[in-house]
């Protein structure tokens, strides 16, 4: 692209602007692939609309399959962003600055995808507005609708508000899409008043977003735990799901960070230290996740209730053994090995561990949903669930939409918050110093 | 730097509400389903007032079955056998049907969907409802029925049930 | 522009466009003529019920057809009909699907290409009948009337008489019915003298031991037996089922005794050993009313061993245990239980008789009833009266007909394999193929599906190809009618007149009237009327077989006998509660009708007539054997062997009984051959598993396969819809490395079939069971191409005496398909 | 208010499957395509559960017809997001096909797997060679359906009884399965009516309900000899 020089090139953070104005061939190539996948998925969905859910691999008694698995999985991933960024912001972790936006974007996109999954799963999507018209608030499914909507609203706002100063910067570049940036910048000029309002809004939102985020995954677990089905009817499910969600979220965040670090050459911003800090969190969540999993299965095994045991054995040694033990390896063994030893804790190691965790968490969702349905209390003939092409297509489509969304976002907005980095340089250092001083014993007045 | 033009946003929104919605609603109204044409311009008033017929004499099963039924030509034949009783062109058309032994293709206006059990017997005999409650003043109608007096909708059913303190349980009508 | 508001909203709404909203209207999917659709659409929905008899199996249940505005919409049991009292089986409930079947022929058809090509062209009734009548007249003119044959299936009563009358007037001895149940009476006739199938007093028996008789699922009338069974708890009846596979009956029995296939007779004799040795038998009955129990001497003075000596000498429990696989202790226990329980009853059927030694096994089982003195005893065995229908008038027989009828039937041959069989499709096919003793020119196929149901399809298919004119009456083209030249489709039983009376084993005489509940949907005719019409067209004395204007008149004529007899009553309301007492007391009931017209009207209204009253017979009038007693030593069989001896003599064989027996493949020698004994089945040694087949309720004899719902319910007990399966014992499966729902090959010396394995503990470890009824290659869109027909891998063996197909005489090997 | 309940005497029941066929015919339950059926999408409102017990040769096969239990405390109605399934005053657990959005949550929540789903358009299988019961509506693709205790029969019976100004007699309203059972093993009626056969049967010493410990209060009682 031969274009006029834009002011950003003189900026200290020119590397963050560059991806917005420069697009390589690889980008268009991957765009084409993704669009192809999405078109394929759409075609499959239209077939499903025309002939009903029969095109899936679901049958009695396994009446929930990939769609619900992916729903829980995607919503889980969505915890990557907002929750982590809010917690980091709240705890004033200074290393958060290059991470928060990347995390929040994941949330917004993945939540939109995940939130659509129950609609894919509806037998009569034409009647989905009945949920609003004659919805029963007693149903956990409606709690879900409510809390996902709330979370989606909160997290998009939470993504958007801290973006305003950056958008204003883009507007001021005068490059492409100035009209859009003008509209979105909302007249940001960086006055003191505006800064104060912005900060207050961010502070308010991050406090609000945390309980909403926690509620979302708790409520999703309620879909399962509110039924009487063995394997689901468990009080631990709420926190277990939340932990799993954060766990998979961090892993997804790490993957995205490592990929964009490479693709957009952001090594200067996303340093190894950031990845290592985050991977430490991943390791902690892995342990917490293991603790929850262990408690969940130990109570089941120790109680030895026949229906419960049927499902546990179905997972331990039955048809789902491969998935179950695969999950344990992916979620616990691999991260423990790769992240506990400094030798493996390279970027490659972290990437492998993160990918393992994402796969492992998807497997976890699978082995939560399917085995309980495959072994109902009543001994109707056991079903085998083999997902059909449609379901795979829609899974692939969901992932493609996510990647596409992320790529488009990265072309429109800086992935790393420029003003926050700047703020870090200008005020952060000072503030941290002051903060550390305030932690230390006072030297002037020992009384 | 320009601030967002709030008045413009407001205008845009109001336009959507004021323009697009009415267009939708008006077009819904224009595309009406009142374009039914009955095969014969049947005159209820003549039959009720002049000939002194009662509803159930033609709608045979009003008091005994779920469906009241539209009369078959066998019923018409009892009066309109051979010679016309009036100068009406419509009667000639009817006599043609009768002589050809062809059923008159009446368009059924009051159609209850198949997932609803509606029993005339229950409403007329058990509920002691007048026909006019749902079908209007049929005895005054000179033109054939082309649109429903009381549209067959669940709201209409439920309103009446509510006012008469009759069960609105789904299973009392849905099957 | 004709846009309805709803469409518009739908268009704008968008989302629902691609989805089919709401169910379709009824008339969109019914295979019914327009005139009926009009009725349904505009009618007031007036509900009427019409009583008739189910025609889908020989059980003869009374059904009430529910009609809305004259169109049949559902079926339930006739609550007053004594056979089923409102109960129904799944097959009968589904009969309407047969009526509305999309593959029903809409009119007569003529085949235009090779058999199996499926190329047919419609032909009018007149043309079709003309072709047949001309051929019949021509044959008769050439004194070849015997070259016409009718192959029926299991029709009884009036229809059998009707066809027989036609054949008699026409002049042919070749009217056969190939249903295996036709052979059932053979062992009974050997023991009792008359060929009536006994009935059992289930309600009064305290212990019922059934040898392979799956009366709840497969017998003549499963619904009748289910009604009886349902009282077992309050009546405290104990059921013991001896069977290789845990059938529906075994599953409901108090005890299941697994037994090796083909050894039922041995077990029965082992039990007889216990009864005799421990003196638990009814000495009064055995002493007074049996022949051949003790050693005896014939007229020439030579000594014969009696039943007692033979049993005591040969069937001691250890040996029987070795043969049957039933533990010695169990044999002793069974014997003692039977001997010590008053009113204990034994019956045999199914696996016990579906083998090469079936006749002898059934004789052995019935011998137990004799030992227990069960004949005419409470909770025992009895023979029901026949419904007093009026016999049809005799037909005129001219010289041609007389000569034709006298000639040898096509089923017999010089080396007749089955001495006491009315009919064997084996020899029938061979005779046709060999034109011996004379060629067959016209074959009528009435009901049944021999190419699917018998064991030797290939021969018979060849025979069918050879016959110049094959006429079938099937309403859906099946494997056999693919070979027909003409098909004259019959009404379904819901459109036609008929009767089903005196169903074997039902404990009272009854007469069920079959009447049309709906006018024929298609251009079909009742077969009775077709034969009448043919008789008219052939003319001459044959016309005397067309004495009635139509088949309805014939039914009415027969029913007049019921009225005249003054016995019994038209079934009526209010029988349900006291029904059991009726049966127990054998009460008496009379009707209230002054004239036959009134009686007839009542009969049509209520669906049937029955006579629960039955005079108890004296033991000496019970048996019509040469000795007038129950014969442990069957003199009839003896004379039959002697007749064969003479016959063999003509062909120059050596003159002794042994040659006859070896010719018949009977291994027993001497008196043994005429007595109940265990005849080893000639199993092949090189395959480890016995193949057993069974029928399932939704299919019965293969006819249910035409119905989609019955196909779906086919494997309801093992959750195997639309699919055949093989039941395998867990141990066997483990040894073969087979797990549930694996596909396995079941391979015999004849061929192999691929089926799904269903692992069930309810089967002997060395037995594999496959249900019969699937594996059609024709018979409509729902039947074709689902499951397998186990008959195709069975050896072509039959009962040595009665010619009944030996369904459990094949050994197989199973292996997993890779 | 009546409370409809069922009692099934397993000592009478032979497991012949007539109730399954009667139910399918009565309620226009779709017959699915063969390959669908093999996949596990067979639709039986009345199902048959087979269980094996005992050691060879003392094998016991327990066959158990299983309709919807119409629980008094139904777990399925609680989770429905749109109120398409609910328990009415007479204890019938209803399924309103035209409101159902097909989320299948109720199927998942039912401990007895009593519900079935229209995976495909119930345009019956090829040729659609059947007649429909005009008393029962046909369902559409994508909705859940289940045993209704033949509530369409109740509508008609009520109409007659109301007109004659009398309560519904015992045995006047029975579902198709109970009517047809050749073993007379299914009792049906108003369990609040002390004179009804189902009341007597539910109090029999042999009577029990499936998984009573779940507390969902099924209204189908099974009668079976305790010592068998």
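Quick notes on this structure:
All chains are identified by letter, namely A, B, C and D, in their written order; residue positions are counted from 1 within each chain.
We adopt the following convention: contacts are C-beta pairs under 8 Å (C-beta built on N, C-alpha and C of every residue); 3 or more make two chains touch, one makes a residue touch a chain.
For clarity, every value in this text was computed on a predicted model and none was experimentally measured.
The chain pair with more C-beta contacts between its two chains, of B-D and A-D, is A-D. Averaging the CA coordinates per chain and comparing them to the mean over all protein CA atoms picks out D as nearest. Centroids built from CA atoms put chain D at 37 Å from chain B.
For the pair chain A and chain C, the distance between mean C-alpha positions equals 68 Å.
Taking the mean of the C-alpha atoms as each chain's centre, chain A and chain D sit 44 Å apart.
Centre-to-centre separation between chain C and chain D, using Cα means, comes to 34 Å. The set of chain D residues touching two or more other chains comprises 42, 121, 137-138, 140-142. Contact with two or more other chains is made by residues 124-125, 381 of chain A. For chain C, residues that reach two or more other chains under the stated contact definition are 19, 21-23, 26, 45, 719. Here chain D touches chain B in the complex through residues 86, 88-90, 92, 94, 96-98, 135-138, 148, 151-152, 154-155, 159, 162-163, going by the rule given at the top. Those residues of chain B lying in contact with chain C across their complex are 24, 27-28, 31-33, 35, 60-61, 64-70, 72, 103, 113-115. Residues 36, 39-42, 47, 49, 51, 66, 75, 78-83, 99-105, 107-109, 111-113, 116-121, 140-144, 210-211, 214, 216 of chain D are the ones touching chain A in the complex. Of all residues in chain C, those touching chain D in their complex are 19-24, 26, 29-32, 40, 45, 68, 71-77, 84, 86-91, 93-94, 96-97, 99-103, 216-217, 222-223, 226-227, 229-233, 246, 248-249, 251-252, 255-258, 697-698, 708-713, 716-719, 721-723, 729, 760-762, 765, 781-782, 786.
Note for the complex: chain C touches chain B at residues 2-6, 8-9, 12, 22-23, 25-26, 38, 42-46.
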